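Below are structures written as structure tokens.
Look at the two complexes coming up: chain A is in both, with chain B in one and chain C in the other.
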Partner chain A sequence: MRLAGFYLFAALVALLPVLFPTNYFVIVVGASAGLHVILAVGLNLLMGYAGQISLGHAAFFGMGAYASAILTTRFGWPSLLALAAGLLVAGVIAWLLARPILRLRGHYLAMATLGFGIIIHVILVQATQWTGGPDGLAGIPPLNLLGWSVEGDFQWYGVIMAAMLLAVWLSLNLVDSQFGRALRAVHGSEFAAQMMGIDIVRAKTQVFVVSALFAAFAGGLFAHQQAFVSPDSFNLIVSVELVTMVVLGGMASTFGAACGAIALTLLHQGLVVFEDYEMLVHGILLMAVMIFLPQGLFVGLSQGARRLWATVRQEF
Partner chain B sequence: MKNLWKITLATMLLCASVNPAGAAEPIKIGSFLTVTGPASFLGDPELKTLQMVVEDINAKGGVKGRKLELVHYDTGGNAKDAVNFAKRLIKNDNVDLIIGGTTTGDTLAVIPDVEKEGVPFISLAGAVEIIEPVKKWVFKTPHTDRMAAAKIYGDLRKRGLTQVALITGDGGFDKSGREQLLKLAPQYGITIVADESYGNKDTDMTAQLTKIRAAGAQAIINFGLGQAPAIVTKNIKQLGIALPLYQSHGVASKTFIDLAGDAAEGARLPAAALVVAEQLPDADPQKPVLLAYKNKYEAKYGPVSTFGGHAYDGLMIAVAALQRAGGADKAKVRDEIEKTQGFIGTAGVFNMTPQDHMGLNLDAFKLVEIRNGSWKIVE
Partner chain C sequence: MLEQFFQFLVTGVTVGSLYALVGLGFALIYNASDVVNFAQGEFVMLGAMTAIALLGVGLPLPVAAIAATLAAILVGLLLERFAIEPAQGASVVTTIIITIGAAIFLRGVALLLWGKDFHSLPSFSGDAPIHLGGATVLPQSLWVLGVTMLLVGLVRAFLDRTLLGKALLACSFNRAAAQLVGINVRVMLRLAYGLSAGLGAIAGILIAPITFSSYEAGVMLGLKGFSAAIIGGIGNPMGAVAGGLLLGVLEALGAGLISSGYKDAIAFLFVLMVLFFKPTGLFGHQLVERV
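Moving on to the complex of A and B:
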């Protein structure tokens, strides 16, 4: 019962391509949304549950992507090994960074993570001999899963959705574990959490690393799916978009983050019809959601639905 | 009930047969450009040009009796969006060919999809990597950065200058230009004595220029786009450095002269003939094409830029290919684009071959000098 929502979500994800096997908005946009869900769900662990902000999360996304890109194109590593190496690099850097950076709070933490994101972006742009510089790195080979080479948008939809479901499942289980409860305690009051015997430094470090791993995992998949990476895909704007996804969907809710990621991806595709006014409409919609559903789309709407259900039951 | 079936079937057949009969279905031209964001000064004139020319062609009856329909998306300079929009053009909008890709990054990102799906694609981005090695479905119309480097070095040789200092930004255009400059230097007997870089958003480059002054260079080459080259130019004047300055074709617009002011006097750069259209001899076959495009664009939108010209070239090459192919069959159109010969565009005369998917030679660039706030051809 605890995972009922998850099974429903999984069924929907599996059913869509059966119904619309060639639909661009399902197959291509869906895969894009899937990657965003992995990123948002990972960031939500840090932001929503542990209450720590990161404005540099695109950096970990980029590390995963560039690790896969560089190791496969320049050193001929098998893609799975490169993906694992990307996870390792992002994990180690996150671990090293966590202690000094997570001592900071509020605005200071935002500034520090922002700076980190910018530094990584500058490295991606400047280290031309490795990263290909601002024009990016092309010719990344397809992902090879034990002999099966993932090619074409349909197969990629399957792989990314499987990865996304794994991420959502992991997140749902993590937040219901002792670890998840510790995070929520840290969010509530660090002092009180310490009194309860929670090692807050350890909890924060762990969640930062886990969150970075989610992002790097999405990055590795992204590099192979696009067969091309460039620093634009990992700049400050992307970091801000990720934060927006989490806040838009509803903090401290795995499905909230997923919902925010999907909504923002679809919004971007849907609003192109407004052409010159796209950004204007985009901004107005985001403001409207924040004003009328301050807890976020998913959390706000599901609470509303629950209240409505309760009234309906009382009336009849 | 039986009748109902028959009627349904008949209606369906009728609908199915009507469509191909109305053969005047439009030819769909897909486009993804950077109309917003830092590279919008490239993408904006490109889009306006495409819209203007498509409108014009349709007013004249279209291509082989079929109207052109432009489907456009704005990537904002984000390669990820470029990929998604290219897929959308191919799969959702079923376009017959694509003209777009304002930046090299956007173009390189979509190449895997375009090649896999087999859609003719004419890119509007600069870097030589786009067409080297040759990709079956990918063409481009702007001059390459390698040509710009060669043109600058050719002029340096003529003036007998061999010790050169480079100063470039951190954008894609700058970086790949720098790479070509470094690669071609030995071929022209040029020694690079300094190789400085700056961030494209920097507001002062005097530190780098002071280093260059100490390096004993005979000329300075600044390869960049946007405001930064104007700042470099001003800083050179402020520091009193009296060396000849070369800029790239990236600043071949009136904005650069306005931004750099007096300091730009005497700076040389390779530029497409569009900026000096009026100065060309009347016998030049390019002159009427350039003036026609320029006058039409300026009447509608204001000052013309070479970037819009690239879109014009791309679209006109595509239209000629559609005409020769007698329709929008993708493979045929691709073959016809590749056979483009003697096409006079704004960037020069295009002669494409299976080995060369751009088809411009060094003559396509004019070396111009800025004099009295305007361009002057120096050859």
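Moving on to the complex of A and C:
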């Protein structure tokens, strides 16, 4: 029963393309939402559960994407191996960075992660001989899964949704493990967590690496799906959008983060026609949710519903 | 070589002055409210863009500059009233996200008002470069330096010499205690937001003739100002000024001697190093007493 929500979600994801096999919104926007869910669920482990803000998460997304792009186009690596290499690069960098950066708190941590994100973005723009510079890298071959070459929107929907469900399943299980409980203890009080024998440096390092791996995984898939990468997909605005997804849905809830990711993706699609208003709406949304519903839309609403249900049961 | 070095120094100090003004604004707001205002850079942008727009409708430059500064101050007060006050007592992460939301919102408004085009102000007193021992200095750079020095001096005198300024400082030490001795903390909060919005707007108007301005121009300036505040020790107003100048010079040297494309990376790498090795800032809190 613990994973009932997950099975429901999986059923919905599987059912949608059967009902609407040619619907652009389901197949194309759905795939994009799926990538965002992987990113948001990973960032939520760090922000929601461990309470560590990251304003530079697009950097890990970019590392995964560029590792896949560079290794497949310039060195002819098979796509799965390139994807794995991207995970390795992002994981190692996150591991090296975790110790000094996660010693910082609050505003200092925000600044440090933000600075890290900007540095990686500048490198993507400037290291032209490797990354193609501001123009990006084109001609990334399709993802090849042991002989099956993923092509077309419909197949990509399937692959990304499978990856997304894997990410959600992993997150749900991680949160319910000893690791997850340690994270929540660190979030509550680092001092108390330490008193209970939790190695807080280790717990923070692990969650930073895990959340970087989620982002790099999404990055690798993104590069193959788009067949093109450019630095614009991994800048500060993207990092802020990822944070928005997590807080919009509700921190410290896997489905909250997933809902936030889906909601923001749909919002972007809906505002495509009114492109100039997108920023305005994005800004108002961030402020309003944080002021009036700081626990997030999904978490806030589901708590409200649960309370309503409890009163209803008491009355009758 | 020495001439070149001097030239980089001039550029660095000019840009650094802007970082200093923005950083000073960060420090004032942080002192009064423990909030790091990520919309600080947007005040810079609003100042520059409003001044440009007012000049465009035929107002003389001094009038346009003053009106733009007042407009930015109004926006700062509105921001405090409608975004910061309702969220009092919220966590650090929450307030960071609220001010980021405010920044995106203000950028969105500017985009609607002025579009995506780049705009520029005419220089205050001509473009004829002044030669100073092998280096060339634009008259606008002197304006930037002069006005920055004046403003920093005024803010310092305000904090040290006036009752209002001391009340503002008292809020930064202990807000509950300040309230108990009869300081209206809410008014102090508004004062801090108004003051930093004004400082940001003036910085924007000063730099508008040198760099082009657009709806996005505030993002990087705001972040550099935040960096300046961190280098100087967050919440230390004069430290932020020193941090801004240091960051500007370092960036100019990095751009000139290493690579101009990497100048932002160099600046933030320096900030990361400061955070990793001396998170209380390079100048600690003693600087306030010494300078």
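Structural remarks
The rule is short, and it goes like this: the second predicted complex is superposed on the first by the 297 of 316 C-alpha atoms of A that agree within 3 Å, B and C clash if a C-alpha of one lies under 4 Å from a C-alpha of the other, contacts with A are read in each partner's own complex, and residues count from 1 in each chain.
As a convention for this text, contacts are C-beta pairs under 8 Å (C-beta built on N, C-alpha and C of every residue); 3 or more make two chains touch, one makes a residue touch a chain.
All figures in this text were calculated on a predicted structure; none of them were measured in a lab.
When the two complexes are overlaid on their common chain A, residue A:28 makes contact with chain B while staying clear of chain C. Once the two complexes are overlaid on the shared chain, A:110 sits against chain C while remaining clear of chain B. In the superposed model, A:278 makes contact with both chain B and chain C.
In the superposition on chain A, A:269 makes contact with chain B only, while chain C stays out of contact range.
When the two complexes are overlaid on their common chain A, residue A:100 makes contact with chain C while staying clear of chain B.
Of the two partner chains, neither chain B nor chain C is touched by A:187. More residues of chain A are touched by C (comparison of chain B with chain C).
Of the two partner chains, chain C is the only one that A:243 touches; chain B does not reach it.
Once the two complexes are overlaid on the shared chain, A:291 sits against chain C while remaining clear of chain B.
By the document's definition of touching, of the two partners only chain B reaches A:232; chain C does not.
Shared interface residues of chain A, touching chain B in one complex and chain C in the other, are 125-126, 278-279. Note for the complex: chain B touches chain A at residues 36, 73-74, 77-81, 83-84, 87-88, 91-92, 104-105, 108-109, 111-112, 127, 129, 170-172, 175-176, 179. Of all the residues in chain A, the ones that touch chain C in their complex are 47, 51, 53, 55, 100-101, 104-108, 110-112, 114-116, 118-119, 122-123, 125-126, 236, 240, 243-244, 247, 276-287, 290-291, 294.
Considering their complex, residues 30, 36, 83, 86-87, 90-94, 96-98, 100-109, 111-112, 219, 223, 226-227, 230, 234, 259, 261-262, 264-265, 268-269, 271-272, 275-276, 279 of chain C touch chain A.
Residues of chain A touching chain B in their complex: 22, 24-25, 27-29, 32, 125-126, 128, 133-136, 138, 153, 226-230, 232-233, 268-269, 272, 275, 278-279.
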